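One chain, chain A, appears in both complexes that follow, with chain B as partner in the first and chain C in the second.
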Partner chain A sequence: MENLIIKATKSSPSICLDAQSRILEITGESYPENAANFYAPVFAWIDRFFAQTNNTPVTVNITLHYFNSSSSKVLMDIFDRLEKAHADGTPIIVNWRYHEENDTAVECGEEFKEEIECIAFNMVEFNDEDS
Partner chain B sequence: MDLFKQEYEIIRKGEALLEEEIFSDEVGAKHYRALLRHYRKLFSQLRHLVKISDIQQNDLNHLNKQLVRLSQFDPLTGIPNRRRFEEELNREWRRHQRLGTPFSLIMIDIDHFKQYNDTYGHSAGDDCLRKVAQALSVAVNRPADFVARYGGEEFVCVLPQTDGQGAVAVGQRLCDMVSLLAIPHAGSSIGKYVSISLGVATLACPTADHAIQDIITAADACLYNAKESGRNRLDSVSL
Partner chain C sequence: MWDAYTFYRNMQEDGIIFSFTGPTSQSVVEGIGEVLRRKMALEETKMSVSLKVFSIFVEQMQNVLNYSAEKEPPKVEDDNELHYGMVTVGKKDGHFYILSGNYITKQDTERFCFLLDRVIAMDKDQLKAYYLEQRRKGPDASSKGAGLGLIETARKATRLEYFIADADEERNFITINAVI
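Moving on, here comes the complex of A and B:
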């Protein structure tokens, strides 16, 4: 299966969905003009990926410094799909990565974590030296 | 108080209906159960989305306030900067044109500041600017009066609803406050300590025909006169 790579822009994050390493990454800032359009290929890829997946674990790394409300809804929907895949037998770990000084990212991460029922959702702090 | 009380009530009622087993056929009940589950999920998402949106909004508000502060205050001295001065000045000026009440403005300049920097260095010069700015700000105490950094070693004081006599009194107080600081100034040809020169301009009865620039120009001319006639003094004019 092909990987999905989208380069970051000022208002949209970089997307790196790697079918071989089974690591899915969203990094940057997310306030695209049309979130539904921007994330449509991501949803399509995720659906194809989990339709043919085996039960090897998948890691999802999300590092978003800032995102708008539409992107929040997109993340909720992504997590929803991940939960279904997890329930169907693919172990999934989500790492919510945030800079140590970004309190907002921590608080938002906690909100997402509350919404998630069965997959592991880790809050992962990093600092300038790590990145 | 729960923002989503109404929505929660609807879900609760739906669940109560299921428990009462009002559905005669299991297919209908199954669909209803699935819909309710979906609704509950959406409801939960909505709660979190609203919360996340609030968190982000707070963050932006906070940043906005910071930007306003950065754009309106002089980072070195902490007093209003020229941009803020111009905004306030225009607002006050329009008000005075409507009311026709006296309006005064004072231009202030630190005497021989270049020599101060040459003698003590720029870091000491910055300290001197900070101290003078603070002293000037403390000296004007009516709520609408304010002092701003105009540029370099120049400051400006806006005195709404103040006549010539009142403005000269404030100007004298500004001079005294700076003298009280007693900042040594070995490079000055006029005294041992840092002093200021002031140009005070008053427009007794502003009308729509006057321009704010006239007052600024008049205050500038007075400041020039004060400098020419020996510094550490005040010159004033009423228009």
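Moving on, here comes the complex of A and C:
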């Protein structure tokens, strides 16, 4: 299966969904004009990728400095798909990465964590030296 | 001749950092947003405050982009409609404010007022619960995923107020002021 790579812009994150390493990454800022359109290829890829259950774990790294409300809705939908894949037998680990000074990112991560039932959702702090 | 100096000084007295009026686009949101962030970084604004200001700015600006009832259809098929409105960001008495305004249809007015009255009356915990509930829901037919944007603005603001002016037979003008 092909990987999905999308370069970041000012208002959209970089996307790197790697089928071989089973690492899915979303990094940057997310406030595109139309979040549903921007993330449509991500949904299509995720659906194809999880169509076959595989018990090798999948790691999802999300590092978003800022995202708008419509991106937040899309992220919730992505987590719902991941929960389903996890329930179907593919173990999934989500790492929510945030800068130590970014209280908003912590809060947003916690709010997703509250909404998630079965997948492992780790809050991972980093600082300027790490990045 | 117009006197830009007086105009400029009046704006400065109101603590206006920038004021935008006219047709909006995503590139305007990105461009102004970037300058706004740089300005706040220079002032050594706390990251949590600057993210709140930026967040409300984006939501309000994209609100104008999506909902302004003052619009111009594109000449080329692939282009988007141009939506008109205004967004001003300033700082007065130590508090940032985001003042935005645009025309809305009479039809949308009721929906906006209902939602705004509701979120203004809520405390932070209620706003959080409402936000999470709406995020789970699919968008309603007339919405491009917003509603959530206004709740987000209410969550980030310490004070939120709005005003509806009667414009013409089809439209009203909505003013929203969010103070951080």
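In the analysis below, the second predicted complex is superposed on the first by the 130 of 131 C-alpha atoms of A that agree within 3 Å, B and C clash if a C-alpha of one lies under 4 Å from a C-alpha of the other, contacts with A are read in each partner's own complex, and residues count from 1 in each chain.
Criterion: a contact is a pair of C-beta atoms (placed from the backbone, for glycine too) under 8 Å apart; a residue touches a chain by one contact, two chains touch by 3 or more.
Everything numeric here is computed off the predicted structure, so don't read it as measured data.
When the shared chain is aligned, chain B and chain C each come close enough to touch A:76. By the document's definition of touching, neither partner reaches A:127: not chain B, not chain C.
Legend: residue contacts after superposition of the two complexes on their common chain; A:32 is shown touching chain C, with no touch to chain B.
Of the two partner chains, chain B and chain C are each touched by A:66. Measured by the number of chain A residues touched, the leading partner among chain B and chain C is C.
Of the two partner chains placed around the shared chain by superposition, neither chain B nor chain C is touched by A:56. When the two complexes are overlaid on their common chain A, residue A:108 makes contact with chain B while staying clear of chain C. In the superposition on chain A, the residues of chain A touched by chain B in one structure and by chain C in the other are 66, 68-69, 72-73, 76, 104, 111, 114-115.
Those residues of chain B that touch chain A in the shared complex are 41, 44-45, 48-49, 51-53, 55-56, 58-59.
Those residues of chain C whose C-beta lies close enough to touch chain A in the complex are 26, 29-30, 33-34, 47-48, 51-52, 54-55, 58-59, 62, 65, 80, 128, 132, 135-136, 139, 144-146, 148-149, 151-152. For chain A in complex with chain C, the residues that touch the partner chain are 10-11, 31-36, 66, 68-70, 72-73, 76, 99, 101-104, 111, 114-115. Looking at the complex, you find that chain A touches chain B at residues 66-69, 72-73, 76, 80, 104, 107-108, 111-112, 114-115.
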